[in-house]
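Please find the structures below.
There are two complexes below, and they share chain A, which is joined by chain B in the first and by chain C in the second.
Then we have the complex of A and B:
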């Protein structure tokens, strides 16, 4: 009977309420971990919009995260701008770069898009490591401390509450956009691009919107990360980070907003747990990604849907039978061909 | 001039190895429509296996080469069995790619766990004496000659395998028209499996050839994968010739841009080539133009 009470709304409410009360009782370490959870919820929400809803397999999420963090930190460091200005500016920089990635996405899909964005992500990482006069190179840098002015809290707690507020806002933005015609346009593009186009969905507009939104989410998480950690370095935005974001989305459930909340929290718990027992982290996240794709491709939310009668998941991700290679006369450059 | 010829020779040597890795990507892509994201890990593990046999056990180089190639062949089968076959039948391309990314990280993690930590670089002894040879004023490392010769031999074997053997023709038939291949009785699933395996074996051979020139580390797989992918897209992603020409071009571009513009460019040249080719010339130099199927 209890199962009927546990729905998505109740669950998300509980997670956010729990995250809200953490700073009142937790020590520094748990505060940091909880803050990471908040950031990962934002990140997996943003990536889910792109992969789970709009179906664009892009690998540049970790670099958007990095651009947000670097943008914020560098504006503070080079121009001595305050955090309240640098963080939104860094977020917007990440969003603009993310939107630019939509341009190749118009002509490329599938593997081509995946590898182009992967090349872009590696290029960004290289810039962070080698453009020393601007980015301070591989060692990273420490942005000046944040001045919280007249806020009633300070230090770690202040940035924690800011992250919490941003996360809740972005959660509602993601939820409501995905329930609106925009979200349905995303899903239509994911399921079949050409059918969507023939229904009058403007591919340029919606793909650009998907990339912009996901860039904004990742950038916001990055801007907060710069404040949370007080240090910005390239190794936080490498391939492993990319795999962690992917794993968060897949674990939670592709195309599910509640799933992103679950995925974000789970990934951070796992990361800290794995650090504790010193097991190779690559094997854990790579293995999770692989196992979930093989055995539970719809993520944890579908299990919850099965077990909890109150959990009504409007499943936006229905894995469909693909046009298998075997049914294509020449898989060749089909996806890359110019229309 | 001397610098140019030196850079060119180095570029051709590394380029020939990129071409070998790119061959595997192209063959797998042609047959299955999927890029093997774990292909770089096939290369890396091939090199690590050769290191184990040659350096740790002290077995002769050629024996290690053969064993590493066999090992990589088996790994290719593993990729097919684990990440490709179960997913391709019921899932989308996104799932296959994500599963392969996951698998590649697992393999990388296993290599790091078995052979050493993040900062460890394994060194391989040189094959021949490092003395340079002079060809009418042009200095060439004998090592490079050996590597290029071996790479050309592997390519020849590979091409002949495709042209002449039954298995090679099965693969060609399946790549050309999977449905028809199935209709005439080819077990396409098995053909896919061997395609993955052959691609991985060639990558393994490339790794053993490259090992004496460079150092081995767990992240080398991804670096090589990206470079070979750049070579493959430059060549059009569906053409064997394209992969070879693309590989050589990438090797030369890397060396020249590093030598004349900035050394840092050696690392990013491949990323820039991928982005430029994808945006401006998606069919590459040798790729066939195909309309989009609706």
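Then we have the complex of A and C:
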């Protein structure tokens, strides 16, 4: 009975409602953790559009997150620009850089694209650490405090509610886009790039859109992060961060919007839990990522779909390996195909 | 009769190897043309050149007089030239209906903003696409598969859905790369009937590579024979069957046999 009531809609509504009421009761620590959850929902939604839906195995999400944060913080620090201007500007800078990554993606795929984007991520990290006159180097920097002006709340709560609103808006952007011809074009490119082309889908246009959207999401999360933490430093955007974004997408469910909400919350809960027991966090996330890739590549959402009759997950999650097995041509066809 | 599709002096060289060597073919509208030839004759390369996936080293392709050479495959698809592939190309992460709707992708004009804000225009277009996709599935008798995952269909069923997906955008020309590969005898008979229906009821020009000789000779109005990247012969099925050059291409020279 309960199972029929728990659908994707009810679940996401509950998560957002829960996150909305947090500031009314929680202490500083829980407010910060809940704010991180919001950021991770944004990050995992954005990365899911790119790797889960469009199938572009890129490893630069943490850099886009970093560029969003650095862009925002540096505009405030160097040019004394207000947050309400710097944050959108930082987001747009991240989106532009992200879009450029679509260019290698036109020629490369799979592991080659992964390596290229990883190299790019290491390069941006290097810039953050060593381009001291601009980025203040490995020690990071503290942007000027945000002036919330006439908002009825201030400090941590103000940035929290801004994050919440941005997250809900981006949730609907992701959901609506993926339920449109654009979402089908993404999945078509992921599943069968050549067939997608032959049906009129322009690879450059849709790959660029996928990279731009995920860059925008990560940049927005970064811009918010600069405000939430009040500090910007390179260690927040390293390889571990990338692993965490990827783990959020994979644990939740590749190609599932509800899965990204689950993954974002789950990763932050795990992170804080692991901190509590003082166990190396790299091992936990690396291990989890590996275990899920091997044994549950469709993520938590597909388990929920199995257990909860009300959970009507659209098909878009089908992961690469499962698809290969399922659509292998008959033996006779395979032979003929080799001619 | 005016040609719907013309291949004029098309050559493709991969390194020093001529996959296609100065091929010229006129395809008549509303007819089924079968392309046959031994393995390695360049049949699939020819299809790839026509649909823009392999650039021709020289020569050109015209669709109703429009030069296709140098265009992206997605652009050529928009001009009304669609194709299927040797291996199944259904999108496994979508239902059969959604697979069909991808075939109508170019119908949607509301873009990112339309999708984000769910505009009336966008929803009207979606509904229209859904309706036409159902209609096209119904045409091949597969309406009851609409909500199944593409990968849940048998191999033969997937081939039929793929053919239906090429028809949905009202194409002028459809290229079929070995549609009968891996099909049982009964399925081949069904395919034969379907191809005739497409030609007779829809007037679509079909160009088919096929190794199942009974199918291709039975259903085609015109046969083109390729061998080692060259056009060896073309003509009515019966004429081609009796052509000594064709027999040689398949079986080798008489004196060596």
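Just so we're on the same page, the second predicted complex is superposed on the first by the 319 of 339 C-alpha atoms of A that agree within 3 Å, B and C clash if a C-alpha of one lies under 4 Å from a C-alpha of the other, contacts with A are read in each partner's own complex, and residues count from 1 in each chain.
Convention: a residue touches a chain if its C-beta (ideal position, glycine included) is under 8 Å from a C-beta of that chain, and two chains touch if they have at least 3 such contacts.
Here the structure is a predicted model, which is why all the values come from computation and not from measurement.
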Query raised in the report: After superposition on the shared chain, which partner residues are touched by A:180: those of chain B (first), chain C (second), both, or neither?
Result: second
Query raised in the report: Thinking of the overlay built on chain A, is A:79 touched by chain B (first), by chain C (second), by both, or by neither?
Result: neither
Query raised in the report: In the superposed arrangement, does A:30 touch chain B (first), chain C (second), both or neither?
Result: neither
Query raised in the report: When the two structures are overlaid on chain A, which partner does A:110 contact: first (chain B), second (chain C), both, or neither?
Result: first
Requested in this report: Would you check which partner chain A:194 touches, where first means chain B only, second means chain C only, and both and neither mean what they say?
Outcome: both
Query raised in the report: Now for A:209: first (chain B), second (chain C), both, or neither, which partner does it touch?
Result: second
Query raised in the report: Comparing chain C with chain B, which touches more residues belonging to chain A?
Result: B
Query raised in the report: A:126 contacts which: chain B (first), chain C (second), both, neither?
Result: first
Query - On chain A, positions contacted by chain B and by chain C - result: 194, 322, 326-327, 329-330, 332-333, 336-337, 339
Report summary line: chain C residues touching chain A in their complex are 39-40, 51, 53, 72-75, 77-78, 82-83, 85-95, 98, 101-103, 105-106, 108, 110, 112, 114-118, 122, 125-126, 129, 149-152, 155, 158, 165, 169, 178, 181-182, 211
**Report entry** Residues on chain B engaged by chain A in the complex (per definition of touch)
**Finding:** 29-35, 82-83, 86-95, 97-99, 101-110, 112-113, 176-179, 182, 188, 192, 222, 226, 229-230, 233, 236-238, 264, 267-268, 270-272, 274-275, 278-279, 282-283, 287-294
**Report entry** Contact footprint of chain C on chain A as seen in their complex
**Finding:** 172-173, 176-177, 179-185, 187-188, 190-192, 194-203, 209, 255, 315-318, 322-323, 326-327, 329-330, 332-333, 336-337, 339
Query - Residues of chain A touching chain B in the complex - result: 51, 55, 57, 103-104, 107-108, 110-112, 114-116, 118-120, 122-123, 126, 130, 194, 239-240, 243, 246-247, 250, 280-291, 293-294, 297, 319-322, 324-339
